[in-house]
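Below are two complexes that have chain A in common, paired first with chain B and then with chain C.
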Partner chain A sequence: MKRFFGMSLTLALLVGFLVLLSAGFYWAAAGLGWGFNALSISFGWNPPGTVSTAAVSYGAAVGNLLTLMMVVLMISGSMLTVAERKWSALLQNRIGANRITVGGNPLGGIPYLLADALKMLTKEAAAPDVRNRLLFELAPVLAFAPVFCLFAIVPVGPAVDLGNFFGVAAAGKSVSLQVAQIDAGLLYLFAIASLSVYGTSLAGWASNNKLALLGGVRAASQMISYEVSMGVSLVGTMMAYRTLRLEEMVVAQGAPVLGGFPALGLLLQPIGFLIFFTSGFAETKRAPFDLPEGESEIVGYFIEYSGMKFGMMFLAEFLEIAVFAGVITAIFLGGWHPLVFEETLRQNLQPIWFAAVCGGAFLVKMILLMWLQLVIRWLLPRFRYDQVQKLCWKILLPASLVNVFVTGAAILIDPSLQLLAWIGLGTIIVIGVLVGASGRQAAATDGHAAHGAAHAGGH
Partner chain B sequence: MAYQLDNRPLDLRERFYFPEVIRGIGTLAGHFLRNLFFSRDANPDILARPRGLGYSDNVTLQYPEEKAPYPPGYRGLHRLVPREDGSPRCVACYMCATACPAQCIYIEAAEVPGDPIEKYPAKFVIDELRCVVCGFCVEACPKDAIRMDTGEHAPPSLERVHQLLDEKALLRGPAVSYLSDPWLRRPAPSIPAEALAAMTASARPYPDASDEYAQTPGFSVKALAAEARERAERAGTP
Partner chain C sequence: MSTEVKEVLKQVGGPRSSELDAPLSSKRMLVNLGPSHPAMHGTARAVVELEGENIASCKLDIGFLHRGFEKSCESVTWTQVFPYTDRLNYVSSIMNNVGFALAVEKLCKLEVPERAQYLRTITSEIHRICDHLTLVGALGLELGAMTVFLYAIEGRDLLWDRLTELCGARLTSNYARIGGVSRDVPEGWIEKTETTLDRVVLLRDEIDGLLARNRIFYDRTRGVGTVSRADAIDLGFTGPCLRASGEAYDLRKAAPYLVYDRLDFDIPVGSNGDTYDRYLIRIEEMKQSDKMLRQCFRDMAPGELVVRDFRYVLPPKPEVYGTIEGVMAHFKLIMEGIQVPAGEVYGYTEAANGELGFYLVSDGSGRPYKIGLRAPGWPMLAALPIILHGALLSDLVPVFDSINMIGGEVEQ
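Up next is the complex of A and B:
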């Protein structure tokens, strides 16, 4: 019981901390935006007393770069290395890493972070003589950097008018927790995500090692295959929200549909969600899609890497989890919308604090999704290679194409998204029935009926 | 607990794959939440830990701090059983050394001063590294003088010589006396008269099974047997 109350308190404090953290992020972004504005005035680029949109958004972008990418992404990436141990332990009825203690308290395994970093940094970097030097050194960076860049378009918090921060009239100038608001949006996402294949396949090639090469080839073919279904699975969402920009998608998800229920991507596009989740999971190259790594068969594309170079590849994988969680949150889970008491909060809180609550809600959803990915990673054994390719080309790709057509037809018939929401609701119910139908004998007959229904729902 | 595997081909619902994956997530999430919110029961008898809602599913034993009791009959580190007066029961008959298949017992016999008949081991060394833990020495001993009921396994050491246990290291644990012991029946000159009377009073007619392991501190065969019986009863009654 003591642990129950302690844990509940910890979780509540964590949520509160996340809200405070995003409030801090807002202040950082606004402060830097204001500072850049002042700077531009002092340089004489702008007349005194004005607020320039360019300067503010530039400053806010720098602030977000520091807070979101350095703090949120790096911390969640490195905390995931600890979570991988502790959460897997909790899933498997174990205790997990608890031997490094601070004052007798293992602190949930967090001190292992330091031990890991120390180990990685001080380890000998033994590189094979026959490597391709340039590509070998470049590969960890190529694996790491694209993942990092991806987070730039993830909208963590809503836009807040700059006037709220400094009490000056700055109409229309706003800051939000998003590094880059670009028109390309999702296209940027696909473009950068496909770049990360270079890191892994070049690592495999440059190591001049048969096993690494196998891993690299596997990584390349797997990631290129899943790119296709990943892209097609999001077409439905783009059509439903009529935009490529993630921040606009998030705003659109707040609109009520089906009697006040927000038009979440999950509701409108359950099949798209499943396909995107699966494909994205394959992109992160973790179990059950960890064939490029496959430590029990080929050790993987990083077999020749040691020390921090290996650490970079390792960390890149965890960063991918965090980024992927952020992207899914933005596209399918309503982004920064708190979803509960949203109107009450909006009316009773100051705009800054409402935005901070929204940012906190985003981070909570992101953490939940990272948790879900780790659960799946510990749930499923590795696929066979032909199964991986079959899943992509024979199941996910056709399903996502059907999804595109069904979504398009539904939007054509009813542009208010009501029909699409009903179809989505139907699909969710069918999936729920399929999940709930237990008992192997009974399931066979139920399965036939549900099978047809699922197809009608755009399966 | 063995599981009956049912190797039927997948039915249609299972071939959808997703429903079963989602169910699996549910199962794992249940474990996760239970282990997150409820603390671990440290009972070393893992099967007796409470289960169900409100309890953690954790089965870990934090080894160096918590130890599971060894099962009854566990052959631990040897000990030379002492008499009540602290001297070994061993009469240096070499039976154990002869029976030992690993030939790891070394005995040097000496005569008890002032006694025309009795011998004692002046040296009694067991090389625990060569010992194959077969227990033949215990079986061979006619005097119940060597036992493996300490419930300890060979401790780690940095040097081989530390695994050579001599008579000083071996002589420990609770004392035992039997009415048939020759030094009691034929008053031995090496034992003072009042000590002899006390030993005779505490002596038992013969060794029995319950006596075998029960006297090692922290290692109770009776408690284990009672627990096992209780568990069997619980499992038997639906």
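Up next is the complex of A and C:
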């Protein structure tokens, strides 16, 4: 009981911390937006006393670049390396990393973050002589950079009027926790997401190592498998919310359907969610889709990399988890909508604090999704590459095409999304029943023929 | 297309539709897996020729763990062979002890006291569970499910702790002696072991829950590395791999030794002979071993631990210090070793991986004249290139794992 209270308290503190953090992010974005405006006035680009939209949005973008990409993404990426150790330890009845202590306290393994970084940076960067030098050096960068770019379109918090920060003088312009609000939205997502495979493939190719080459080829074959279904799986959401922009999708998810329930992507597009989650998992190249690594077979595409070059590929994987969690949150889990007490919060809090709570809600959802990904990674065995191809081409792609068709028909018949929501609800129930039923059946029917025969055999 | 062009094409044998279907000529790639490779148990090397990711041919290169077991045994006394046998299958060392002791006793025509037989059975079956847990865990690990491996290792180490309490060593536990066992179980050991077994049952069921009904695991192992019943017999398979192929042959039933004829247990038999069946057989055998252990605990009665024959067994210390016969027997046994009657014998037991055979030749002196070992893993390992022909590289690992090659026993 004591433990339960302790854990609840810790969780509450964590949520409070995240809310404060996002309030800080808002101030940073607003401050820089205001500062850029002041600069632009001092250069004489816009008359004194006015607020330039361009200056504010550039300033806010720079602020978000620093806070969201450097703080949120980098910290969650590097914390995930520790979380992977500790959470997997929880799963496996172990204690996990606790040898580095600060004043006798292991601090939940967090000091390992520094130790690991230091180790990676000071390690000898051994590289094979026969490598293709340019590509070999380029590959870690190509694995790392696109992941960062992806986070640019993730809307962490809602737009807040600048007037709330700096009085009436600045009213009319808004800042939000999103680096870039671009029209292409999801298309940008697909374009950049598929770039990261170049890092993997080139690393495999340029290492001039047979095992690494196999890893690189597997990465490429996996990419062409999941990429199609990944793209098609989101077409349904594009149609339902009538936009490609992630921030507009999030706003649209606040609209009530089915008598007041928010129109979450998960509710409207359960099939799309499952397919996108699976394909996205393949994108992160982690178990059960860790074929390019396949540590027990081919050791991995990064077999020839050492030091920070390996570290970047390693970190890129974790960053992908964080980005992927952010994207799913935005598209399927209602983004920054707190979902509970939303109206009460909106009415009783100042706009800045309401936005901060929303930002906190986004981060909480993101952490939950990252946790889910780690749990899946530690429980499932690895696919074989032909099985991934079969899964993607024969199951996911047809399913996502059917999903597009059904979604389109439902929206055509009932543009208010009610029908789509009912269909989604039905799908969720059917999937739940199927999963429950197959979980029980398996023991009795197929797959355990050998078990049955086992008892018959005897003497 | 003008008729002239068609004519020309006909003459030069222009494009034919069948050429589109012709296989692309590709180069084969030679990949070395091992000797240091995450999936190579112990130290073994597989030289794999790949066509894409398909295995065109696979050559196994073993010998990295070769210690000259058979030859080394010739220069030590019969008793001193025991530590060497610990290192054959080091995951289940007491089974090797017992196998060797039974072979020597066959030559000496010794009848071991009942309690010693029970204790040998108990330790063997505990080690069978250890061996199977290791295999099942490693199978998970090599398919990427590391959690399964850690559950298995937790169970295995708990059992090893019990064996440590029994014989002082965790890994190379040395318990059997010619004529009996080295010592009795400590106070309260049986209750403690039953508690441990309860925990192992939980862990085993958890592992089975994570793997057996897991679609990915099922797809990765079902129909992979299939060996038909006839092939398995031809290739000399024994143990779980043979039973997975459908042949209900188990030495514990076919030629009962120790107290196996008094125990109630079944022999699980598979039907497909693939990796999945080999996994299921292991899980099922662990259940049977658990059952046997509890029967043994119930039925075991107090009694002698070794035969009272000082030609084979050291006399108790009061007799060594108090009587001239005791001193003489002790001196002779230590200095010259057990005088095993001249002759030859083949002793065989059902070890965790299959038939563990010791072929012993004695010339009547205190040392073995010749020892030959039939390692259970050897025929399965030798068959690997045949099983793997045409499989994918990714299949090599689970198949290699499911035959459970243990470097220590294969490379004698």
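By definition in this document, the second predicted complex is superposed on the first by the 431 of 459 C-alpha atoms of A that agree within 3 Å, B and C clash if a C-alpha of one lies under 4 Å from a C-alpha of the other, contacts with A are read in each partner's own complex, and residues count from 1 in each chain.
One rule holds for everything that comes next: a residue touches a chain if its C-beta (ideal position, glycine included) is under 8 Å from a C-beta of that chain, and two chains touch if they have at least 3 such contacts.
All values reported here derive from a predicted model rather than from experimental measurement.
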{"item": "Partner chain(s) touched by A:Leu372 [first = chain B, second = chain C, both, neither]", "value": "first"}
{"item": "Chain B versus chain C as contact partner of A:Thr50, first or second or both or neither", "value": "neither"}
{"item": "Touched partner set for A:Phe4, first chain B, second chain C, both or neither", "value": "first"}
{"item": "Touched partner set for A:Val435, first chain B, second chain C, both or neither", "value": "first"}
{"item": "Chain B versus chain C as contact partner of A:Arg94, first or second or both or neither", "value": "both"}
{"item": "Chain B versus chain C as contact partner of A:Ser296, first or second or both or neither", "value": "second"}
{"item": "Touching partner for A:Leu380 - first (chain B), second (chain C), both, neither", "value": "both"}
{"item": "First, second, both or neither for A:Asn348, with chain B first and chain C second", "value": "neither"}
{"item": "Residue contacts on chain A - larger count, chain B or chain C", "value": "C"}
{"item": "Overlap of chain C and chain B interfaces on chain A (superposed complexes)", "value": "91-94, 378-380, 443, 447-448, 450-451, 454"}
{"item": "Footprint of chain C on chain A - complex, ascending", "value": "88, 91-94, 210-211, 214, 287-288, 290-291, 294-299, 378-387, 439, 442-443, 447-451, 453-459"}
{"item": "Footprint of chain A on chain C - complex, ascending", "value": "29-31, 37-39, 53, 140-147, 150-151, 154, 210-214, 216-220, 222, 243-244, 248, 253, 266-272, 276-277, 280-281, 284, 392-397"}
{"item": "Residues of chain B that touch chain A when the two form their complex", "value": "6, 8, 11-14, 16, 18-19, 21-26, 28-29, 31-32, 35-40, 56-60, 62"}
{"item": "Touching residues on chain A, where the partner in the complex is chain B", "value": "2-4, 7-8, 87, 89-95, 274, 372, 375-376, 378-380, 431, 434-435, 437-438, 440, 443-444, 446-448, 450-451, 454"}
